[in-house]
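First up is the structure itself, then whatever we jot down about it.
Note that the chains take the letters A, B and C in the order they are written out, and that residue 1 is the start of every chain.
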Amino acid sequence: MTPEQKLAGAGLTLPPPHPLVGTFALVAQRGDVLYVSGHGAFADGEPIHRGKLGADLTTAEGKEAAQAVMLALLGSVRDHIGGLDRVNRVLKVLVFVNSTPEFSEHHLVANGSTEVLATAFGKERLPARSAIGVSSLPLGFAVEVEAIVEIAPAVP
Amino acid sequence: MTPEQKLAGAGLTLPPPHPLVGTFALVAQRGDVLYVSGHGAFADGEPIHRGKLGADLTTAEGKEAAQAVMLALLGSVRDHIGGLDRVNRVLKVLVFVNSTPEFSEHHLVANGSTEVLATAFGKERLPARSAIGVSSLPLGFAVEVEAIVEIAPAVP
Amino acid sequence: MTPEQKLAGAGLTLPPPHPLVGTFALVAQRGDVLYVSGHGAFADGEPIHRGKLGADLTTAEGKEAAQAVMLALLGSVRDHIGGLDRVNRVLKVLVFVNSTPEFSEHHLVANGSTEVLATAFGKERLPARSAIGVSSLPLGFAVEVEAIVEIAPAVP
């Protein structure tokens, strides 16, 4: 099964292409490594899953946001390389959680992102991860995620 | 034209060397990749462009800060490799914006950094980017930027 | 002397393995590069060095936290590769400091982490570094640190 099929089996689908909200590239490639920009979650071109953990959103809602953001990020990876079956391993993710000064469950929120990776690529290929609380995020997003991804060489 | 000449054509110049305000290296090289430390903006050795977006600075002022910080960062890259014409591509930038909890235009602030890169290296070589709001920054900086840079091998 | 012996000479020891508090890997390896997850400081399985710089902890206490966190991170590196003598260089560290909006000495806090690296690997191999203020951290940690590490190939 492809990673996309494994995600579909868990009821998860990749969203349409992520809007580009500034002067940068969604993905920058060097050899077999992709540097993937910070992503948020959008629906119909509008930002969704907005607000602050510890004030507006519960940890469970933040985890849902983190899941949606990782699906958006994987959508950009797929658009760049053609299909997720070329992903060897997501090496590193950095999960930014829009949080109050008192919030302390960023790691539980971030699981929403990395559980998507466990489903798509297997638990033995989970990435290194950091999860931190940020004072605010672009467009009021609750969660933003960036990643470094190792891919297999393109078949010539 | 060299990247330095393209910057000059846009009225932009690289500042004097960035002070080293701690126990670290401004640039760490592995092969053809440079890991560049978080930079701020200085003038005459003193920090400039300080304050918080959403309180002390407008988005336009934050964007100016982000421009100055990227010029400082490129100055350190130039000092490390001798000239910006050896830069193949800035692969990734992470833009930290000193922000109130309500601020939501970090992406517009960050454009101040990446538009410098578009000028110097071309829009087709723009980096991946994340922009986030941080609660505070060293020395009260409004913006801090770090980068990963791919360079060409040195001519033997 | 091995890096472990140099640390011991400075009265520093690597702690027991870091708990895994989520769905991720403490270290993800690609060739000779290790991506190391965000670490905190634990004692007897419980988080220590908690609180906020600018409110609960002095800069000196934050620096102690940063030292403890780097020792925890190096413990995970050692567990992954067998011994710190295989570390060529820590290339990059990102130091997250749990801070009030007014705090401005993140660079002094972060020195607690990178001075450990100077002791273990020498000042000529210091990493690139960013230090930022975050609104909050998992489990209330005062400091979290992630790293990218270059290692020597394993002896066959």
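Here is the rule we go by: contacts are C-beta pairs under 8 Å (C-beta built on N, C-alpha and C of every residue); 3 or more make two chains touch, one makes a residue touch a chain.
As the structure is a prediction and not an experimental result, all values here were calculated from the model.
Trainee: Determine whether chain B and chain C, two copies of the same sequence, contact each other through the same residue numbers or different ones, counting it as same when over half of the numbers at the interface appear on both sides.
Mentor: different
Trainee: How much rotation, in degrees rounded to the nearest 5, is required to superimpose chain A onto chain B on the basis of Cα coordinates?
Mentor: 120
Trainee: Can you check how far apart chain B and chain C are, centre to centre, with Cα atoms defining each centre and the answer in Å?
Mentor: That pair's centroid distance is 25 Å.
Trainee: Touching two or more other chains, which residues of chain A qualify?
Mentor: Those would be 94, 100-101, 134-135.
Trainee: Show which residues of chain A lie in contact with chain B when the two form their complex.
Mentor: That would be residues 21-28, 30, 35-38, 52, 94, 96, 98, 100-101, 134-140, 144, 146 of chain A.
Trainee: Within the complex, which stretch of chain A touches chain C?
Mentor: 33, 54, 89, 91-94, 99-108, 110-111, 114-115, 118, 123, 126-135, 148, 150
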